[in-house]
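The following pair of complexes shares a single chain, chain A, combined with chain B in the former and chain C in the latter.
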Partner chain A sequence: MAGRVLYAGLQLLDRQLVDRTGRLCGKVDDLELSEPGADGNRHIAALLSGPGALLGRTGHRRLGDWLRRFVAGAFPDGEDPVRIPFTRVAEIGNHVTLDMDSEDAASFASERWVRDHVIGHVPGSRVLADQ
Partner chain B sequence: MRISDLLDRPVVDVAGVHLGKVHDVRLVQDGPPRGSALAALRMEALVVGGGALSVRLGYHRHRVRGPAPLRALFAALERRAVVVPWHQVVVTDDGPLHLRCGRAELPGLEEV
Partner chain C sequence: MKKVLQVTLGILTAIGGFVDIGDLVANAEAGARFRMNLAWVVLVGVIGIVVYAEMAGRVAAVSQRPVFELVRERLGPQAGLVNLVASFFINFLTLTAEIAGVAIAISLVASVHYGLLLPLCGVLVWLVIWRMPFEWMERVFGLAGLALAVFVVTVWKVGPDWGSLFDAAASPHVPAGESPFSYAYFGIALFGAAMTPYEVFFFSSGAVEERWTRRDLALNRANVYVGFPLGGLLSLALMASAHLVLAPRGVSVDDLAQVALPVAVVVGKLGLAAVLVGIFAATFGAALETGLSAGYSVSQYLGWQWGKYVRPREASRFHLVVVLAILGATLFALSGVDPVKVTEYSIVLSAAALPLTYFPILVIANDPDYMGDRTNGRLLNAIGFVYLVVLVVVSAATIPLMIITRGGS
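And then the complex of A and B:
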């Protein structure tokens, strides 16, 4: 049986990632391919998301590598690009739905740092965060 | 290897003829099921040549119905594009992608 045909550039790259609760969690910035199988075929192994992956794809690979090192050094649990195994993809349509929570899909290290060190100190923000 | 390692790479056939750049990658969802989610996406072919722009813009002729001038334009562009089966590609780290076959053996975009 012929499978569904997709064009990677048109139907996957730059698509919005949505977790299983409907929360937005980044874009598809690149695709990782598996090593060739016994039959020589390669499959999509993972979706890559993050500015480092996007910079690499748009021809700024050195800047992307620098950003990846910066994020890894600046944030204890920093990761760029975020790697989402294809096994966690639930649906591909106008957006890409993941079978996971956004907190697991992306490290959100920089967002967490801003929340804890900046937003958290704004009067009233703790109240809203606790609700 | 990433998709970005393939996109925009020049392609040269077995006779050394330059075919253009890789504009998109055609995937087929017929791989083994993985986990509880979708069947795996297999790399089937590269879309190569200037006419492949119609695919990147979403004007592949099987999808666009009008307006008529755009349909005619992109149908003409498609005739310049070729679809390169993945097994015909010799993968290298950089430089042009070399093919194991000639331009005449490759199907056009309108044939797939």
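And then the complex of A and C:
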């Protein structure tokens, strides 16, 4: 990946994150840039994913901060935004493939909460409707 | 046979989009009030949805990215959110009307007030989404919806002077006694009904659910070219039957039972049975389409796992949104709103939100990053662009017309 030039605003932001098993796991909601290097350029250090990061980017920083604190309080294992080091990015195309499992990836805490407290209790939730 | 069954995604999408409760009433009402003077709008709408559904299906097959992902990706989070809120609201109104439509269809047979059937219908819709395989959903409700072809039989049995019917449709004018504003308002309603956004949400997500790939591009075209013109044909037949049977008798249409009237008069009992099956299947199919679209749009905007192709517990948030939407819509229908009014508003409002959905599709269908060598050709882009201009004009005119005509009355 090193050295590839991307128009981050166009080719990275708002793209779908996909984990190594093909599961959908959030969006590239924001980017973290490194400190300028010797050449004065900043590089992408990490992808940020989660509603908190999204709200921060769209200018609702205060609401975003509140949401972050809420997520941290409500979901003990929750973290918002999830910071995905750029080294865990496997491929960038029309979506971004990560070298990790969705369980560890972006904004999964609320998915886990809904699964364990609501949907998982409904009969048939473990059965594939296909075929 | 297998080949025939493969176009059911297009058929279900089109039946749900063209002859769901709103269109059933809007087309019959237009036929009774404006005779064949609005038939051209249906034709314009069919071409528009064919052009854009083909693009959306092609993008989904080549890149596995459904429409609402494209919306977020191209419009950005802010405008994407505006579109999400607007589409979700419109979708919710439509879902409400469809659930009521299913209940009305059953009540016409069961002689129970439809209000009593609403909770049952809500549960049924959810159960089908929860358990029935996606392909079976398409086959059962798409194919049963074809029973509405009895409207074609009706028109044929009336045995109209075909030449004058085509002349009437080909030389449209505002009929005496109607204002040009209400003519335009009904035109927008028919156009909005033909191009409702949930059709492309559902169609493109369905393509991903069915795991279409580059190899299925011919299948995409077959679905689009068979499904949507068929839906358009049914809605024209509906309009013509109202024009031929209801208008001469001075009957105006304001509920679902009157939509079936021309068939009952002309074809008789067997025809009536077919209409009831068709209306049930079409409204139920549209309820599935809008119920799923509620989940699709929210999940695809936020990046959640969605779809029936994984176990429900692996797409928990998606299923939660679907359940809540169905529950809310059922309660809203129970509050006693007039389902016909609800759909009328929903299709007119969807006309106002159309450009926000179709613009990103046109842009991405030209993006080699997504499409490789399968980008749009020049002719397709020209047609797509013309439609985009039409969509913008229509969306700007919608709300003023709604106010001037007081909702078409």
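We adopt the following convention: the second predicted complex is superposed on the first by the 112 of 131 C-alpha atoms of A that agree within 3 Å, B and C clash if a C-alpha of one lies under 4 Å from a C-alpha of the other, contacts with A are read in each partner's own complex, and residues count from 1 in each chain.
One rule holds for everything that comes next: a residue touches a chain if its C-beta (ideal position, glycine included) is under 8 Å from a C-beta of that chain, and two chains touch if they have at least 3 such contacts.
What you see is a predicted model, and the numbers here were worked out from it, not measured in a lab.
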**Item:** chain B versus chain C as contact partner of A:114, first or second or both or neither
**Value:** second
**Asked** Regarding the shared-chain residue A:44, is it in contact with chain B (first), chain C (second), both, or neither?
**Response** first
**Request:** Based on the superposed arrangement, let me know which partner A:87 touches: chain B (first), chain C (second), both, or neither?
**Result:** first
**Asked** Of the two partner chains, chain B (first) and chain C (second), which one does A:15 touch, if any: first, second, both, or neither?
**Response** second
**chain B versus chain C as contact partner of A:27, first or second or both or neither** = second
**Request:** Considering only the touch criterion stated at the top, classify A:122 as touching first (chain B), second (chain C), both, or neither.
**Result:** second
**Message:** Applying the document's definition of touch, where does A:57 land relative to chain B and chain C: first, second, both, or neither?
**Reply:** both
**Fill in**
Note: overlapping chain A surface for chain B and chain C spans 57
**Item:** chain B to chain A touching residues, read off their complex
**Value:** 1-4, 7, 23-31, 34-44, 47, 55-56, 58, 60, 86-87
**Item:** Touching residues (chain side chain C, partner chain A) in the complex
**Value:** 63-65, 69, 72-73, 76-78, 80-81, 130-134, 299, 302-306, 308-314, 316-317, 319-320, 369-370
**chain C-touching residues of chain A, taken from the complex the two chains share** = 11, 14-17, 23-27, 29, 49, 51, 54, 57-58, 93-95, 102, 106-107, 110-111, 114-115, 118-120, 122, 124-131
**Prompt:** For chain A, which residues count as touching chain B in their complex?
**Reply:** 1-10, 12-13, 30-33, 40-44, 48, 53, 56-57, 86-92, 99
